[in-house]
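Next come two complexes built around subunit A: one with subunit B, the other with subunit C.
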Partner chain A sequence: MEQLLLLIFLPLVGAIITAFAGKSAKIVSTVFSVTSLVLALVIACNFIPNANTQFEVNLPWIADLGINFHAGIDGISMLVVLLTNLLVPIIILSSYKHEYKNPAAFYGLILFMQCGLLLVFTALDAFLFYIGWEAALIPIYFICAIWGGKDRIRINMKFFVYTIAGSLFMLMGIIYLYLQNPAHNFDIQAFYALNLDSAQQGWIFWAFFIAFAIKMPIFPFHTWQPDTYTAAPAQGTMLLSGIMLKMGIYGVIRWLLPIVPAGVYDWGQVAIILSIIGIVYASLIAFTQKDAKRLVAYSSIAHVGLISAGIFAFNQQGMQGAMVQMLSHGINVVGLFFVLDIIFSRVKTNKIEELGGIAKVAPQLAIAFLIIVLGTVALPGTNGFIGEFLLLMGVYNYGIWAAAIAGLTIIFGAVYMLRMYQNVMLGETNSLTITFTDIKGTEKLVLYTICALIIVLGVYPKPILHLTEASVQHLLEQVNQKLNTVN
Partner chain B sequence: MNIIITISITAFIVLYAGLFKANKALLPLTVVGLLTALGFTFCAWNGNAVHFGMMQTDNFALAFSGVCIIGTLLIFLLTQNYFHAKSDNIAEYYTLILFALAGMIMMVSYKNMAMLFVGLEIMSVSLYILAGIRKKDFASNEASLKYFLMGAFSTGFLLFGITLIYGATGSFDLDKIQAYLVNNTTSVSPIFYPGVILMMIGLCFKVGAAPFHFWTPDVYEGSPSLITTFMSTVVKTAGFAAFLRLFAGALAPLHDFWVAPLMVIVCLTLFIGNVTALFQKNFKRMLAYSSISHAGYLLFSLIVLTKNSGNNVLVYTAAYTFASIIAFAVLILVKQKTGSDSFESFNGLGKKNPLVALSLTIAMLSLAGIPLTAGFIGKYLMFLNVMTQYKTLLVAFAILNALVGFYYYFKVIVAVWFKDGAETELSTPVQYKVVLLVSVVITLILGIYPAIILNLI
Partner chain C sequence: MTIEQLIWLVPLLPFLGFVINGLGRNSLSKGLVGIIGSGVILASFIISVVIFFSLQGDTQKAHEVFLFDWISAGTLHIPLSFLVDPLSSIMLLIITGIGFLIHLYSTSYMHDDAGFGKFFSYLNLFVFFMLLLVLGSNYIVMFIGWEGVGLCSYLLIGFWYTNNAYASAAKKAFVMNRIGDLGFLLGVFLIFTTFGSVEFAKVFPQAANGSTDTLVLITILLFIGACGKSAQLPLFTWLPDAMAGPTPVSALIHAATMVTAGIYMIARSSVLFDLAPLTQHIIAIIGAATALVAAIIALTQTDIKKVLAYSTVSQLGYMFLGLGVGAYTGSFFHVLTHAFFKALLFLGAGSVIHAMHHEQDMRHMGGLRKKLPVTFLTMMIGTIAIAGLPPFSGFFSKDEILAHAFQASPILWGVGVLTAFLTAFYMFRMMFLTFSGKYRGTHHEESHVHESPTAMTLPLIILAILAAIGGAINFPHIFGGNEWLAHWLSGAGVAQHELDLSHSTELALMATSVVAAIIALLYAYGRYVKVARVPVADEAPRSALAKLSYHKFYLDEIYDFIITKPLDALSKFFYRIIDNKFIDGIVNGLGWSTNEASKGVRLLQSGNVGFYIFMMVFGIIALLAYTFYYI
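Presenting the complex of A and B:
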């Protein structure tokens, strides 16, 4: 159990030390994030891939209110914990070429956010989950609002109020569950065991679903996302898209499905329809985008829509697909935003039509970017393929029409992503891109790591599938059993 | 009893010290006096003593006394360079604040409604003078006059209510009133009901709940900032304790009757407080309106009476008091430098004064109710309180209001960190640093580990 506490609080310690590190904040935060990654890998090695919750910690925190510091890791948590601790060092390394003003605060906030994220991904106490949920939001708000681009104050206020509105209603749902629970605590197992009728489950479904849907985001709760992604600093965008949106997906799997299965049964169809509308809608808008960063933002909505559809399809394939895709999407989207950041830092624009011919002057960047784009469009042999294939299979088992429409995402995605690649990288160089210099130093390190992950996970996804399989199966059994008793 | 005596004697000593122009001795004397009073508060813990049938120092009274005394202590520390720069007769400030505090101790520990009235008047009269103590300042005079007229008016309501209840029950004693209600469940005298409503109106005036809030913004804005701090934190805490002592104690058997008008008051208070605060351009005025909205959340504890109602109010008022003290302390510093208390004068504060700005940010997060600060625990307890009877609509309404709250509290954070401004460097006296540090630490401790305060009462 000490390992888990260390895992969660190491970033927090790192955040505090970084905050006082002054000019060397970059190095200090890198050291802490890499140590966290190593720690996560150690935990993953000691993790036995069965359905049990491991490394469990259960300490009394606010005993009078039934709140415990109860956390643990099962297969599903393990995956997102790995993702978080993998991406944070990558994101920090990706910032090496930037000279942000007040770096101590910048890197401190990133590590603080990591602590919040890890709390979310390991919490087994609803109150703790909520605390982590908000603790991850506050730092990213400041990161985006201090170091962001044009109009950042208004955009981030919208983002903040949107997400916190969702989470407050979720809090209301949590309090309701707490009061229903005869033991008067927030323990997840006690919540699983509650016998709520379908009307209660219905409204609790919505209280939770809206919070998760805003975070992911699912249509029609996505309106904050493109602006926020565009205005945020590159590292902020990576944190938001790479890790933070997984909070919503994880929340659905960990809290929504098992607690209110009848609510999901009644309303899941609505969720799937919204997800599919989101896929088509976001893809169509992505076609028309002139700014590459906005294009990737919309493509992210489309991808998340598919993940959400796969989860609500509620079968083994869909769920496993969601797992793999969470990891793949996190890696790929961070890669995409990093490439766009590299381009922006050299030519000060992400407008697709102003670019072109970069491949001629920067071949290494072109290759890395191509691999990432192919991963994103789910070419067989890349990590994106495994996830999307399983997800589509899951959705197909749910309904053939749903799968047919959701499958458009792959075709659409290929079209707009490849077109973007073509216009940005290929063709003739222009006055702007002629002086483009190729990637070097940390840029190389980060991009090569991402490319290696894309290919390795694409060719050999078994460890990931194996990691989550038992937990996913257990979850499905648990929920089906509960559904049978309700009906 | 010791507490009141100590505070009153300190007040007199300070007054005489002022007479002999011992201005340097005022603050130490006051601090010693207040610390002694605080010591007596701790000693009396769990004593539950009744003094002459008029006051009862139960844990409820002692806990709120403690919060009031600590709050006052912090405010006294903020007097450094504040009064000295403005006036020669600073002993009067000290004395009047101490008298007001003595009144408040009576308000939080009364057992007899006569004591409620006496305590309320001691406090109010001191505050009328304090509000207008800058006799050459137009706004200060206006504030004083408005406060006096409205205050006198509300006292009339309160007194009339007390009279009617006395008429119905034949006693001022809280226990006897409660016994009367319990014994005559079906045949409560018809004059009792208007008595309850009149008392409710009178107390709502005092705590600044809508629609009886109209005096608050003008009085808060016009009074000297430090007096405003005192009024919006410590005075409010005492007002709520008095409210709770009467309604959650003696009048609890009549809950079904008075909960409906109270519900209207709560909804109006939340809505008016939050929405008007949104449109303020002046930081001090925004805090005044936000204090109205906090009154709304605080009244949640009376909508559903549980055994934790008193403690919930204690947590909330403590959270609110410390956060507000930070906000006002920074306001005073900024105003001394820039001469203005608009939002613009906070622009770019974070660049040159990161620690002061960080304190202000934590205060705003606490007032807005963000987790890991005391304000969140306060709000959470209030929501939990009304959710025990599944008043989901009320909570949903409160959540919408809380969202409005985020907007105006974050306006401050935005100004401090994200906007470019004059980048003035504040001169922060040592005592201010102490107050900011203490308040920030308390805010964070209560936010992260509130267990220490949850079972006090």
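Presenting the complex of A and C:
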């Protein structure tokens, strides 16, 4: 249990120390994030891959209201905790070429956000979950609003209000569940045990679903995302796309499915249809984007749509695919945004038409970028394939037409990604790209790490699949059982 | 050493070559890169030969070699494991054998290219993935190879990536393949839900349990995959564009090996296809149509590689025609002979292009026979083989397909013979335009034309010998042969269907196609040697049919018009109207109306105490009224 508390609060301690570290904030935050990664790996090694919640902490917090600091880790949590603690140091390292103003605040906020994310991913008390949910939002708001690009204030206001509005729906749902709970607490097990009729479940489904759908985002709740991703500083975009959107996916798995299975049974189809529309819709929009960052933003909507469809298809393959893909998408999208950041830092533009020929002058960047692109388009042998293959199979088990339409991502993804790659990297150099210098130092370190992860997870995904298998199995059984008692 | 102990070396060696050449592409000398790149393939070939012969002497014809568990979720288990059986062992020989010759050839052909190391590492990677494709013991491992060769094809077509047209050709190849791959994946999903496994050894024995409808659907989906990879209608347009890659690549990937993956896959799954007659009809029709359409296009092309590219598409069409009429062995036989003569023809074309300093337009060639005697002779053997003239290899494999086609439907046979006629014509046209008559360039250029070095001519000679005698591996009964290949493949569970034709019919069919080819040969001779006609310039007026042929039936333009343009327009419409105006408009509208409403509500908080009291009294009365009403 001490391990879990240490895991959650180490980044917070790091955030506070970083905030006073002045010029050395970069180094201090790196040390803390790397230590957090090591700690997460130690916990993962001690984790027994069965369905049990491990490293559990349950401390009374606000006893009068039945609020406890209740957290723990099962296979699903373990995966997202690993994802978070893996990506935060990568994201911090990716910022080494930048000289952000007021670095103490910048890096402090990143670590503060990490703490919020870890709370979300381990909380077993709805109140704690909600605290973490909002605690993760505030730092990213400031990161984007202070260090962002053009028009950042307006765009971030929209992002903030939009997500807060979604969260309020969830808060209403949580309070409703709390009131229905005879024990009058926020404990997840008590929520699981509630007997709600299908009308109640329907309302709660929507309250939670909208909050999660905005976060991921799922069509048509996505319009804040492309602007926000484009205007945010590179590290902000990486945090949002790499980790933060997994809060929504995780929320669906941990809270939505087991609490209101009948709601999912009634409305899951709508969720799948929206997800699949999102895949095709966002992929098509990505076809003609002029700004590479915006293109990747739309591609992310498409990829997340597939994850969501796989989850709501509700079977072992889809769910396991979602697990692998959460990790893979996090790694790949951070890689993509980092490459675009590297390009931007050299030529001050991400406009696809203004680029070209970079492969000739920066062959190492070209190779790394290609590997990341291949991971994104799910080539077998990369991490993306494992996830998309299982997800599509999951969707297939739901319906062959659903899979045929969702599967268009295989074709469309290749179209827009290779279009981007060609226009940015191939062809002849122009006056802008002729002086482009190849990657070096931390850029190399970060990109090579990402490429290695893409290939290793693609060739040998077993540890990840094994990590989550029992928990996913347990979740499916639990939900099916509860569904049978309702009907 | 047993097969199990040796087999993993076969793909591993090319992979090591890829890694070493990839890492050392800038530091290793060209000589060393060439030796490593070719050496690993030669070593793989030698091991493949050993495996082939030990399999021949073995009573057990199928060896599964398990490496590790790759993906598992629920009831789905996908091991990374290999299957060595008569079918895959013979593919190993083709891939590594022809692969080695092409590597050897490339050491000379690519010698002056700055990307020499990169080229060899890609080529090695390709061989690795191709070996995975044929060695996989289940559909998913096959799919790794399937998409992996697609990747290498992308990398090698776009090898000279600073040329934007080449980079676009590479992208087109990848995307077209992906369209097929979606079909393949869906087919695999259906196989899994129907048979509970994706392992060949578990699926095929249960095949008869599947309903015909399911089997038809499975096989159609798999066939869509094959259409992409093996360049069949309507997905073939990427293959001619793929000629943007260096010529050895065209020989290895876009003629001899990768494009035959679709045929390999269907031959491997012949048990399933045999139970789906509807799919077979579709395959036969698409194959025949592709064979004919591509042959018509090849008639008027002026780029030597384009002629060969369309001839490849056309020959692949033949193979699918064969698959569709149940001649699995015949199709596979044609895969083998085609690998010999088409690799030969491409490498020969490469030798010509090399000699002509990268000129590919036949209108600027002519009279090269004296200058390039080895190239000419070997290519002539290849041309005779592809034209289906006895006794070279193409004759036997083509006639086996045609005989089966005749048995299934005389119309299919008629299309086949017509295609054979056209094939003989355009191939001899190519030969005559290139090698006979007078040189059509400047005198200065002519003095620079010279025969290629030994590293390039040696592969030509070896392939020419194979193209000449390759027919022996399935020498038909009718000529006293024992149809070795058919016996061998039946050991791998490839379905066999005996011909039910009388000997005289069979001979008559053969005679017809041979006569057709000879007429075509004579016609081409009359047109391009006697009269020495040269194809007209691009802009010159053409007859309607010639125009259609020269412009490839405008297929690229049609696809652009009905698919690419509408999708791009839809993309812009979705982005500008639906996303920015409509959906985001609603979101912003909600925000705005909240704002406005709050402005209105704010007015109530006026600070006027009288108004507050009035509201309070009003509230109390309302509350009381409500309470009394309900009590």
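Rule of thumb we're sticking to: the second predicted complex is superposed on the first by the 487 of 487 C-alpha atoms of A that agree within 3 Å, B and C clash if a C-alpha of one lies under 4 Å from a C-alpha of the other, contacts with A are read in each partner's own complex, and residues count from 1 in each chain.
In this section, contacts are C-beta pairs under 8 Å (C-beta built on N, C-alpha and C of every residue); 3 or more make two chains touch, one makes a residue touch a chain.
Just so it is clear, the structure is predicted and the values come from calculations on it, not from any experiment.
Participant: Applying the touch criterion given at the start, work out whether A:Leu119 contacts subunit B, subunit C, both or neither, answering first, second, both or neither.
Facilitator: A:Leu119 contacts neither subunit B nor subunit C.
Participant: Tell me the contact category for A:Ile450 with respect to subunit B and subunit C: first, second, both or neither.
Facilitator: neither
Participant: Under the stated touch criterion, name the partner, subunit B or subunit C, that contacts more residues in subunit A.
Facilitator: Of subunit B and subunit C, C contacts more residues of subunit A.
Participant: In the overlaid three-chain picture, which partner chain does A:Pro380 touch, first (subunit B) or second (subunit C), both, or neither?
Facilitator: second
Participant: A:Tyr281 contacts which: subunit B (first), subunit C (second), both, neither?
Facilitator: second
Participant: So in the superposed three-chain picture, is A:Ile400 touching just subunit B, just subunit C, both, or none of them (first/second/both/neither)?
Facilitator: second
Participant: Classify the contacts of A:Asn315 with the two partner chains as first (subunit B alone), second (subunit C alone), both, or neither.
Facilitator: After superposing on A, A:Asn315 lies in contact with subunit C but is clear of subunit B.
Participant: For A:Val161, decide between first (touching subunit B), second (touching subunit C), both and neither.
Facilitator: both
Participant: For A:Phe169 in the superposed arrangement: first (subunit B), second (subunit C), both or neither?
Facilitator: After superposition on chain A, A:Phe169 lies in contact with subunit B alone.
Participant: So which bits of subunit A does subunit B touch that subunit C touches too?
Facilitator: 161
Participant: Help me check something: in the complex, which residues belonging to subunit C touch subunit A?
Facilitator: 68-76, 140, 143-144, 146-148, 151, 154, 158, 161-164, 167-168, 171, 174-175, 178-179, 181-182, 185-186, 189-190, 192-193, 567-568, 570-572, 574-575, 578-579, 583-584, 587-588, 591
Participant: Can you list the residues on subunit A that touch subunit C in the complex?
Facilitator: Interface residues on subunit A, with respect to subunit C: 158, 161-162, 220, 223-224, 281, 284-289, 315-317, 320-321, 357, 359-360, 374, 379-381, 386, 389-390, 392-393, 396-397, 400, 403-404, 407-408, 410-411, 414-415, 418-419, 422, 425-428, 460-462, 465, 469, 473.
Participant: Tell me, which parts of subunit A touch subunit B in their complex?
Facilitator: 61-65, 130-131, 134-135, 138, 142, 145-146, 152-153, 157, 160-161, 164-165, 168-169, 171-172, 175-176, 178-179
Participant: So in the complex, which bits of subunit B are touching subunit A?
Facilitator: 365, 370-372, 380, 383-384, 387-388, 390, 392, 395-396, 399, 402-403, 406-407, 410, 414, 417-419, 449-451, 454-455
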